[in-house]
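Labels run A, B, C and D following the written order; every chain starts at residue 1.
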Amino acid sequence: MTAPLLEVRKLTLKFGGLTAVSEVDLTVQEGEVAAVIGPNGAGKTSLFNAITGIYEPTSGEVLLGGEDVREPMTRRHLVQQALAGLLLGTMALLATANIDTMWLAVVKNRAEPGFSAGAMAQEAVRYLQALPRIEPRVGRFFVVSGDGKTTLGTAKTRQEALVLRDALPPQPAAATARWLRLLALVVGTAVGVAAARAVWKRTRRTPTSLARRGVARTFQNIRLFHNMTVLENVLVAMDRHLGHTQPWTHPSRRLDTLLPLGLLGMLLALVATLRLGDPAGALPAILLGAFLLGGIAYLVHIGRRGAFSQATLALEAAASDKALELLTFVGLAQNANDLSRNLPYGYQRRLEIARALATQPRLLLLDEPAAGMNPSETVALMHLIRQIRDRGVTVLLIEHHMRVVMGISDRITVLVHGKRIAEGTAEEIRNNPSVIEAYLGTDGEH
Amino acid sequence: MLNVANMSASYGAIDVLKGISLRVEEGEIVTLIGANGAGKTTTLMCISGLHKPRSGQLTFLGQDIVPMAPHHIVRLGLVQSPEGRKVFPRMTVAENLEMGAYTRRDPDGVKTDYERVYSLFPVLQERKTQPAGTLSGGEQQMLAVGRAMMAKPRLLLLDEPSLGLAPLIVARIFEVIQTLNQQGTTVLLVEQNARMALRIAHRGYVLETGTVTMEGTGVELLADSRVQAAYLGE
Amino acid sequence: MAALWQRLQKQGGIELLIRVVLLLYPFFPVLDWAVQSLTGQGIRLDRQLVNIFIFGLLALALNLQVGYAGLLQLGIAAFFAIGAMTTGVLTVEKYPFQLGFWGAILVAPVMAGAAGLLLGAPTLRLRGDYLAIVTLGFGEVMRIVLLNLENITDGPRGLNPIAEPWLPVFVKDTIGAEKAIYAFALFALVAAVVLLRLLERSRLGRAFVALREDELAAACMGLDPARIKLLAFAGGAALAGLAGALYATNLTTTAEPNTYDFNYSVMVLCCLIIGGLGSLRGALMGALLLMGFDNVVSPLLTRVLQKAIGGDSNFVMASFSNWRWIIFGAALVLMMRLRPEGLWPSRRIAKELHEPPAEVA
Amino acid sequence: MLDTILQQLIIGLTNGMVFALVALGYTMVYGILEFINFAHGDVFMLTSFLALTLVGLFDLQGASGASLAGGLCLVILTCALFGAGLNYVIDRLVYKPLRKAPKLAPLVSAIGVSFILQNLGLFWGGMPLKVFGGGNQAAAPKAFPDILPAHNLLGAGSGLTLMPKDVLVIGASLVVMAALYGVVRFSKLGKAMRATAQDPAAARLMGIDVDQVIGATFLVGGGLAGFAAVIYSLYINTIHYQMGYQNGLYAFTAAVVGGIGNIPGAVLGGLLLGLVRAYSDQFIGAQWQPAVLFGILILILIFRPSGLLGSTAREKV
């Protein structure tokens, strides 16, 4: 048997001293509609937030298709962490070694005889090892001890200073400086790696990474992009599937504005040069004038037309078609160009569903989709959820509306006070005595 | 006592309340039930002055409270215990209760009210010096109700007191509400748990997408087939 | 008068005027050149204009970070300084690199962008106002570091002389280095405007809007907020680095590190706020307004003030340039109170700023 | 070596006290309004100019005994009141109308106010008063007279120096902080402040006039900044119209390191920063001071984003 699409194992969420979710297990099989029900504040939304990577669970696991949803440590992360360590280590080294005098001993020293990268590198290594160095100052070359504290001699030219330096006996005083630099390098590297690891740990499970693994959701208190149009809302969610193109490569077709302006530039430059009585300068002036005006005209042109490459335009067009298809699916096609904030409440809920579907999810989490809907809208919603399932998307929903839950769910989990108290089909749940007592109501009005 | 007439409210462009009317008489328990997003919490926010209605009248004891700041409204004796408890997590239980009595100027009365709260909720006395954030959900809800009681309310607004609580604790809270009512506090109760709420309420209103669709006594509403279908899980 | 103004505005007269002025820009050096050859006296307008172009470029860089990506950045001067310093180190005669103008122009943005990347990578995940303080601190650190690394940056003296723009000999002989920097700055500015406009309309632009509106929802849709913000941050830093390189070249020195202080950063922010956050023409107009104030209005008013006060011209309040921070400060306060979207806003951002904080309970 | 370490401890503690006092103003405002009051450092700066003016007016330089003590108390009192009043007025005029605006608006306004105050400091320093050197060099740093007796309390021969002003800074700061702690912990207003910071909406429902509480917070924060300004000026002996910005930056860093919104955190952060600053000046070099402090800020934010004593807040979804 294949692994279930979503498996939550012993998930616990604590905020401060309060336990919102306590050791909850939840399994959702591919292709079903599952529901989580329970009184308000039972931890349902917290559970959703943990599944979608918004909250980091206190303990427990979330598996998607049998795999832990946390990003594993890959080579890329290792390289990143190593780089961060190297960077901070180098910075610490340069700070303790005093990059300012290092520059004096390496770059300024080398400036006079001419630039040689190899020699500079050699000089830099010597400096970092705290060996005696040469510093050019006020017209003379000073030979300075490795820790920079004592002057060991001076010379008029660099060559003489070199001879002086190489004749020196070993300098034991520099040992401390060397050790200090090594220490700085090691500590810096360690802190850098630790910092990178800390950041990585915090970002192993993010809403982004979960969305990219095929988990999409809607929100209890609708969170649309209110100042974007309905279509744009959907397009944002499709972003990841648009493929990679450069947004500003130009089809380089229309040169209509470019030519006349380039010509105008040439003409003006020509007139100017002739008026000045220097015909010899005419050619460069013309060239420059043409370049300037033509170039600017070209830029203005692409800026005005929005010069995206054919490939990009095609992609955008395809995406728009796809988005419109989704909008038609949820019944909002006629509102595609309205601002989403101006949509009525029920439409906003449906737009949220369309937006979530646009990320091409395997699992769709709906947080109280029927909230605030009237009975006929609710019926339409149930129909829509069934259609979504038929498209091959597994649905997990939180809902209070019992008719919706009982009508469409293949499996229901009941959460009360952060704990799972029951799981089963609608029929089983309806007749489960503990569910009736804790949530549906105890007495016999029915 | 409290009269809400034709009140509308919105967040930005979204209309949440579309002209609701309701009233609460002295000594009653009135409940407001409805689905999530129907506008129940917004109604309470408007009454206690946290959100200003776009139109409509709000009078409490004959005074127009629409232009009043929340702290003035509290001084009139209209006190709300908010949804999700909202106790001050890093203050102790005793300090939380003290905050409830913030507007009061009668130290003796406050002292007797402490006694009253502690006798109703003995667990709060045990946890007096503990930060409220470390209490369990049920204890926090008791603290929230107790805190509201400290303000000596004439009308107590309770927003979802059963939210996220185990059934036994919910039963306890509802008991307390009834006790309070018998001791002379009028209560406006907003609830998801419609059955419990209607059972203790004298009258009830049903709110759907920003409008009052039904009203009647608790018993009437409990027996209504539409209410049963929509809110009682049948 | 007011009626005329209104009518002009309605018919897009202002727009037209702005466009005409913009179209004239490429001709200023030619004009100056012509006037000078004819009358023997230059009008020297181009020098001021180069500064405006560079400042405009800087404003666009900050706009990319603050306006598009919504990152409150208070240390743009640091990246500007990195650009200028890189240009200095890579071109002055006393160092062995001597890459010349074109080399520096290529390397400076890379260095500044890398600095942006390094600063942004660990900090962009922070809350917005923490980022403000981190960038502010970075600006301060950069200034002090540049002052202290005296062997490298020449401290308060600044590195100079910085190489003139290298041009083919025959072009150089004709138009001179000054005009070349004018041409290049103008070109860079137009190019930046065009690229940013394209960016606005591209997928990335859409992602920026989504991120500003609701970061969490955007993340749940698979956008990577950290990455997108980092892109904007590093891009803005690189653009600021380019502006810095041009600035140093135009000035022929890297200037005193104290030039690149917090006040400078805030001045750039000021011109975005006045012009309109997220709006390209707003940024440009803001730059024009501020530079105009500093270079034209301020000296003029100082003269008037001193005439009015008479005698003691040493008195602080007699020099109008001493009033500039009161004026900028008041401008920021008043703009936030009366017209938070700026004078020439982008339509979308104006709407975002006028929306009451969401959070429907 | 031990002497150096102990000496730096004294310097670090005194500096840290000043940071902590200013940081408290930042942290209290942030705790309630969640915005960085950029102008706070400049309230501090402007008050130090008032202190210098008053020292000149009362002719405290060279005074001793009772007249010095009395004069000093008067200066401190006036300055604390001035700082409090100024902060309060700024809040009412500038920030209050922006309470419901997007977060950027008060922040940018605060930067604007900061610049206005800085410019006012420039003008103030240009006033033709003797203490300002006649006012010819408005932008130059001003010498603040060393009015406290300058002798080593540990005896002239000791390797350590502990001056009366060190004792004054540490002692007075401790008294003020203890008083603040008492007020916030036990008074009705203090409790209202904490309640408002933890949950403004719930505080409103309790009948707390949140606007009044915010005003009181600005008053207290400004008073602390005013007090800190006198202490700082007496200790450092130089004031400058741009010092508010840098000290404000350090103080804010201290507040963030300690956990913003957290009052003991601000004190802890201030002391920590003061000590780090003192030791880094001694062992790394004063020119690297901002870089070191800034590096610490970034590291703390990476490893503990909510500061040393801060609690993690979660976004409600």
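We take it that contacts are C-beta pairs under 8 Å (C-beta built on N, C-alpha and C of every residue); 3 or more make two chains touch, one makes a residue touch a chain.
The shown structure was predicted, so the numbers you read here are calculated from the model rather than taken from an experiment.
Taking the CA centroid of subunit A as reference, the farthest chain centroid is that of B.
The greatest number of inter-chain C-beta pairs in contact is found between A-C. If you average the CA atoms of subunit B and of subunit D, the two centres end up 43 Å from each other. Separating the centre of subunit B from that of subunit C, both taken as means of CA atoms, is a distance of 55 Å. Distance between chain centres (mean CA atoms), subunit A to subunit C: 27 Å.
Among the residues of subunit D, those in touch with two or more other chains are 288, 291, 302, 311, 315, 317.
Residues of subunit B found to touch two or more other chains are 12, 14, 89. Across the assembly, subunit A contributes residues 16, 54, 195, 199, 219-220, 226 that each touch 2 or more other chains.
Residues of subunit B touching subunit D in their complex: 48-50, 69-71, 74-75, 79-82, 86-91, 95, 98-100, 102-103, 147-148, 151.
The part of subunit A that touches subunit D in the complex is made up of residues 15-16, 45, 49, 54-55, 95, 191, 194-195, 198-199, 219-220.
The touching residues of subunit A, when paired with subunit B in their complex, are 16-18, 39-43, 220, 226, 341-342, 345, 368, 370-374, 400-403, 416-418, 437-438, 440-441, 443, 445-446.
For subunit B in complex with subunit A, the touching residues are 12-14, 35-38, 84, 89, 133-137, 140, 160, 162-167, 192-193, 195, 208-209, 222, 228-229, 232-234.
Residue ranges of subunit D in contact with subunit B, taken from their complex: 188, 191-192, 194-195, 198-199, 201-210, 311.
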